[in-house]
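These are the structures, in structure tokens.
Here come two complexes built around chain A, the first alongside chain B, the second alongside chain C.
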Partner chain A sequence: MQGTGVGARVRRKEDDRLLRGRGRFVADIALVGMRELAFVRSPVAHARLRGFEIPDAVRHAVFTWADLAQDGVKPIRAASGLPGFKVSEQPAMASDKVRFVGEPIAVCVADSRAEAEDIAALVSAEFDELPVNVDMLAACEAGASRVHEHWKDNVFLETSVGTPFPAVAAAAPVKVCRTIRTARQCILPLEGKGVVASWDRQTEQLVLQTATQMPHIVRSGLSECLGVPQDAIRVIAPDVGGGFGWKGLLQPEEVVAAWLAMRMDQPVRWIEDRREHLVAAANAREHHYEVTAYADARGKLLGVEATAHVDAGAYSIYPFSACLEAAQVGSILPGPYEFSHYHCRTYSVCTNKPPIVPYRGVARPNVCFVIEQLIDGIAQAVGRESWEVRVENLVPPGKMPFDNITGKHFDSGDYPESVRRAVAGIDLAGVRARQRQNEPDGRLIGVGLATYCEQGAHGTAVYHGWGIPMVPGHEQAQARITPDGGLELRVGVQSHGQGMETTFAQVAHEVLGIPLERIRLIHGDTGLTPYSTGTWGSRSMVMAGGAVATSCRILAQRLRRIGAHLLQASPEDSVLAGGCVRSGGAEVSIAEIAHTWYRAPQLLPLDVDPAGLEVTGGHKPKSDHGTFSYATHAAVVAVDPELGLVDIIDYLVVEDAGTMVNPMIVEGQIHGGVAQGIGTGLYECSPYDNEGQPLASTFMDYLVPGFTEVPHIRVEHMHTPSPYTEFGMKGIGEGGAIAPAAALCNAINDALRPLGAIVSDAPITPRRILAAIEAAGATR
Partner chain B sequence: MKPVDFAYERPTSLAAALDLLARDDCAVRVMAGAQSLGPMLNLRLAQPDLVVDITAIAELTSVRREKQALAVGACVTHARLEDGAARDRTGEVLAAIAGGIAYRAVRNRGTIGGSLAHADPSADWVVCAAALGAELLLASKAGQRTVAAAEFMVGPFETALQPGEVLVEVRLPWLSERARWGYCKFCRKAGEFAQASAAVLCDPARDVQRCVIGATSGCPVVIDDPQFMREGGRSERVTELLSATPLGDDPFAVRTHAVVLRRALERAGL
Partner chain C sequence: MNAAPSNARSVSLTVNGRRLVGVTTPRTHLADFLREQQRLTGTHLGCEHGVCGACTVLLDGEPVRSCITYAVACEGRSVTTVEGLADDEIGAALREAFSAAHGLQCGFCTPGMLISAWDLVRRLPDADDARIRLEMSGNLCRCTGYVGIVEAIRRVLDDRKGHR
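Here is the complex of A and B:
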């Protein structure tokens, strides 16, 4: 692809400042008179909060929920409209009860963070401890202490999708059962959470500069808690160093900071430290599955039966609620496969742990981990290569678009071809030949595949069905020509690693021909941009990128009309191309047209459209079901059977993002996602003891893959444009993180096959591998 | 995660440092690279009144060749050893150990003495200094004394250092040219402390046949037993030895320690 429009591999505009350390993040912001905050956090997991001991010398600098409640501040409330959902109320700091270790119970204000921490160390609270719900299955048992005492049990929501199919199950020639756990993880963007709150006396607005993916949603939630109208709140996201879902919430600390800024009439800042991040927040991905797949003798899936539990933690988060994760499980567990019988029961369980947050891919990495293990299990049972069984069961291209068993509308693509290309690209035959030789170092070689499809750019119906505080569906963008022919774009989504300053400019360039360096993106500011639900769910390029295209097309018409007048031609005989309006052999540049509109209006046609060179355009895809990108990941591993260490010796991704605006950015998204998926598969786990104490509070205990653990990742692209979106784009942001745990698990089990051992829980640690080998030895 | 308010001194002579360490009116911590102390300060696990940074003391940052031993100052960084502080068999071994510690950014600041004095049971130097038969020179205002590395650590994060005393030098006896050395550690990623480790030294010219099992959650287990070495560290013996450590009732730990010991012996060609 030549040029700099849609499809071009251009370097990211934002990298010049970000890679030179010249970005401006929340922690870089200093306002005159700004105070620093430190939170006192609960040291116990479940207790009645009897009261505080606060030395008189610091009493003026310490605030608790009672102070906020006195001002009428309301708890965070994220209900779901699904029948039976139990609502939790989360005060921004605990009121009468603490429900997890790390829950904020008081806030301390000082001139520096260190001094605020000094004050925090002087504050103590009196607790009456209660029995702790640590394990989600135990929390469901009768007699478990209740996290929210007015509930009848500890289940936010129970759902059932599909219907049981006992006759088919009983007659099925092949039955594969698994019990699978995935660990509680921490999300860990490079930049943690942070917020600066202040009161702007000129605009009479509360101004929140906060590390968020969703400024407009934060504003709505803040308004609901504080009772301040939304027009009196401005939420600004400065440079944000990654979010992955963690920054897609209204945070309790944001509510506290906002209230303090108003109460004290002073700017306040809270910067989350890594320990707070690891223990008090940003938790994700803890699921438990009992699952059975039924197949015929060839390995064709007949049905899937599952019971899934999600450990949703203590509270329902705003806006996604405590049911999003489990509701996703029920609807996406079937994966990219076609089969006729499905029944899944899900439980969103409330425990004495931090609320679970939707993390890149939300439940998809988990369900992919489950269904892909089942596919490999079926392949083994019927004596075929797993790729053959995948191809046998994937929705074939001839059936696209396809409505699957849970009503997901797969828009396009050739799923089986991604498997065939992965098999060729990973050299399956070569790996099989290598496996027949003994490795000189005694390690065992294995190869594994995982295939998924990823819904991006979600529509209205599904979210309306869940009835949570946020329902997406359309998106707007503003485009304004500057008097010298540059272009300003304003979008309500927020770029925190996605490279939108580049990709949205590429879209605009594609339509208007203005050079990228003259296109500026303004984003992440409720005061400057159109409303948006924000950046989440692989939606921004499809939705806001689509809106940028719409706006620029409207601008193109207006430019063409003025340009034609200046060329003394008719608009119908004029074209906008390469940044100029052309007619016959003559041309006039956008800069000249802009100059005329803004600074020489005497030259304009008398009937010129006075709306001018500033447009708000919107986008709503032709389908409400979103886009479906997909991929097959293939991993080759070497397993040390004595120590249980896993070395990834090859990793290939064959994916289809539809039309890629910038393939280099797509590849970067995939690389980053795969690194996180390797963390899910092999390393990351946030364990708790029986008292609900988190055991991984630093990076010595919480292992994250670094550059020495992430291999070179090869990426091959397929190109099936979506029939429903601008340019055929599909959401791609989450995909990389979805399949690695599954592909690695299948590869490790392939390596362990000669020993008869099998692993099924994530992360697949050396301890688990050695235990599996030992168990296999014991049964032989 | 900010430290408590503390005073900071960076003396340029050992005498000045010892004067500061002798103060009994405040809690003093020695800083020799801060790769462990830094995080401990930030987490407020350490809350000293005074931090004495000893990295500006010239005699603590030098490497001297003596007749009997290579004398490595306590504040010599892992990176310097990795880059070859001594160009002989002893230097090669030190370089290999140092080069495997965490990652380069840590090695640029972390020091051999700091690591030994911190006495993390999983640390590389704790295990390797014991295996190499290092002698540690300690100093206080009362004078100097020498302690064998194998006896320096008395428990997890506890050493033989007395109040007012500081580790100033690590004296590594010269390995003979035919000395055989093996070190193996088991960890999942660079920078993670070892889950199991073992070091072996066979130097018949000096009558040394020593195995050390590390990462025991306690002191390293030192085995000066030619038969044990000959038998390749049989796993029953390892089980027996580890039963006296906090890891004794964890079969995974016992098993991986036995594997690591065997691999260390293999690496030594034993």
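Here is the complex of A and C:
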């Protein structure tokens, strides 16, 4: 790979404006006459909302659900087609009941945010408090108060995957049981949510400029809530300051802002502040597992059985629903391993906390945390190194492509080799030697591994199976040659840090040879781009990048046809290469062909395709099962047994993204994912008290890994192209975040082994480590 | 425009080399003053409680959190934002290195990173990676895992050492 096409490590086109402070994020937008919004949010977790006290002086500036309902605005509704799913209805502001602290109950309008907050401080509401469901297991017990009173219990959905295998279980030589909890996290892009809503009098459209990963889906959801046809709504994502899932939903605040802009005939702006985000959007990754692995005496897995609970919060979010996460747990808990018996029951539990949103990797960081602890447990039980047990159980390359026990179709790769390379790269032998000598500072050294595979670029069947409001599978891109020979690309996905303005240009350059600086990507705007479900699930490069390639290939045919005519050659004897059509020794540039098409059509062949130099092409991978990138992460830690502090002293990722369009960007995605995974593993937690009050509402309480918590992260690449996609690309955006918590947990337990202590819940805080050491001391 | 509120205060200061007099209120923080009144939207607000560092600007040459600095407290002082680094030599070197080392993804934390890095480059020409991490630990990034940022700053330091 060379030049600036697919595989080149080129700098990003988007960097310059961002480095000069010349990007345009939603909070940077100011429209003439724009008003600012502040929300009044529920101070209690579960209560009947009896009414409001609003001083007369500000009554005109305060709106509640009653005002929206009067205009026919409907609650947000995200049902699933899975049998037994219970539907929640989420009014954009609470109507008769509040169900979590931070739920919007009224909105205040003023000329500045500060004045809007002044008004919000004057609004009070009367509540009849109800018993609060804080813990997902307690919420499942008979007699728990019901979050949605017309339901028979607090479970959105119960699923069962596989079948029980009591005979195999009873005869298994090795049995490893774990009870594992992972904490509720805040997704926390550094830019929060935000929206500017206005009415465009010329196009007669509601225009929503909003920090979203999925403008087309937001438009559909808004249309359903507001009763406005979709052609009368335009959703635009400006520069977006990170998403990771938090910007992949229709937000209640978007519905309110849109309604207000129409109602008041004035632009309105709402910018989520950090405290709102930490309180009302603490919404990811809270799971509980009871799990048992069965193995033979060598450590070969015989079966896994599990009961998993996911705290899905109070409402089903649009479009992913409240069941996506738990349903994924059931289907992906087996990880990259091959075994014969599996049974998993899952419960999506409704509690008095914010609704859950799929966060980078969705349920994978959790199930990886679980299955990788089991692998290490088995290794310990059979007296082998955990890497040997991993290699013994991973799907071997000779069986690829492989359909696993839950029907996941692993496309390609050498999973065991990623383990072997990680073991060599982390110098396992050296770490073991170091462990045999006591550290001068008394700290304990440990090494841990975690392996996963990650389904990206999901197809139609799996989402159709879940029956949620959004089903992906195809993607389109528009490619248009400009009259001076440049190229405009239009895609419906949205780039918020992934560098698509660069990577999609690299794909187009690969096909057409137009230089990167003459290629412009237009994205994230329903008015300008083809429909797309948006940027999520490690899909954009494979799906929209594939569609860019398709469109450019069609363009190439048309360019070749015209170019050949200008060269007085036959199209069959002409090639498009290096930005020119060539035949024999003669050539004509794309710029000259473009000039001919747009400005001198009298020179065109008479039978030229009148569709011209503008194409909408589509892409669907050859397999509907998506791509499977994979990796093994290896961590070396030093644990202070007196203080419980953990230092990560080495971290290595050996990954296979198939064909990388831009290795620099792939590595950046992995680095960032690992940092987030370190947060999951060691630091991040949104705790709640017994009344459902969130206890982490500032960055002093909610610990985000910083420069000194994240080590230098080493990345090694393997290259197994997917057989099903353009260029062999695989989705990679989420992968880095999947394995760190698992690798760190295994490393910490390796360090604690001399003390007989074991940790199994995330985050692995100093307090938990000290408690584990104390418990081990008590039992010895 | 709206009428000035009754508690309006005027403040005169220098922003990116330009002297100006602004009207603000006692509770308005410097970041809102810069963003909403001066339309210098390069300074970003990530937390508004002085932790994330996205809003870091230079006040008389030293980095401060503009979200916990009142605009009225800047009377007679000089503020430099990321826009003010446009023609600055260290600013240019940092921009080049951040791009080359992939030290930014979404770009939201980037202005604050550049300001903090500018201060580091001026004060600590011999900083090693560990010191870079310690000095930059008042700035949060959710995208890059910090690898590219540390690399970028080290490249600038190394390059300047070569020219000393």
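Quick notes
We take it that the second predicted complex is superposed on the first by the 778 of 780 C-alpha atoms of A that agree within 3 Å, B and C clash if a C-alpha of one lies under 4 Å from a C-alpha of the other, contacts with A are read in each partner's own complex, and residues count from 1 in each chain.
We adopt the following convention: a contact is a pair of C-beta atoms (placed from the backbone, for glycine too) under 8 Å apart; a residue touches a chain by one contact, two chains touch by 3 or more.
The structure displayed is predicted, hence computed values, not measured ones.
Once chain A of one complex is fitted onto chain A of the other, the partner contacts of A:212 are absent, as it touches neither chain B nor chain C. In the superposed model, A:700 lies in contact with both chain B and chain C.
By the touch criterion stated above, A:494 is placed in contact with neither chain B nor chain C.
Legend: residue contacts after superposition of the two complexes on their common chain; A:683 is shown touching chain B, with no touch to chain C. Once chain A of one complex is fitted onto chain A of the other, the partner contacts of A:114 extend to both chain B and chain C.
Legend: residue contacts after superposition of the two complexes on their common chain; A:273 is shown touching both chain B and chain C.
Touched residues of chain A, counted separately for chain B and chain C, are more numerous for C.
Shared-chain residue A:478: touches no atom of chain B or chain C. In the superposed model, A:713 lies in contact with chain C only, and not with chain B.
Of the two partner chains placed by the overlay, only chain C lies in contact with A:20; chain B stays clear of it.
Residue overlap on chain A between its contacts with chain B in one complex and with chain C in the other: 112, 114, 273-275, 698, 700, 706, 708.
Contacts from chain A toward chain C in the complex involve residues 11-12, 14-16, 18-25, 27-28, 30, 111-112, 114, 188-191, 239-242, 244, 273-275, 496-499, 664-665, 667-668, 670-676, 698-700, 704, 706-708, 710, 712-713, 736. On chain C, the positions that touch chain A within their shared complex are 2, 25, 27-28, 35-36, 39-49, 51-52, 54, 81-83, 86, 94-95, 98-100, 102, 104-111, 114, 129, 132-134, 136-137, 139-150.
Looking at the complex, you find that chain A touches chain B at residues 112-114, 117-118, 121, 273-275, 642-643, 645, 682-683, 698, 700, 703, 705-706, 708-709, 765-767, 770-771.
Across the interface of their complex, chain A is touched by residues 1-5, 39, 43-44, 103, 186, 188-193, 195, 252, 255-256, 259-260 of chain B.
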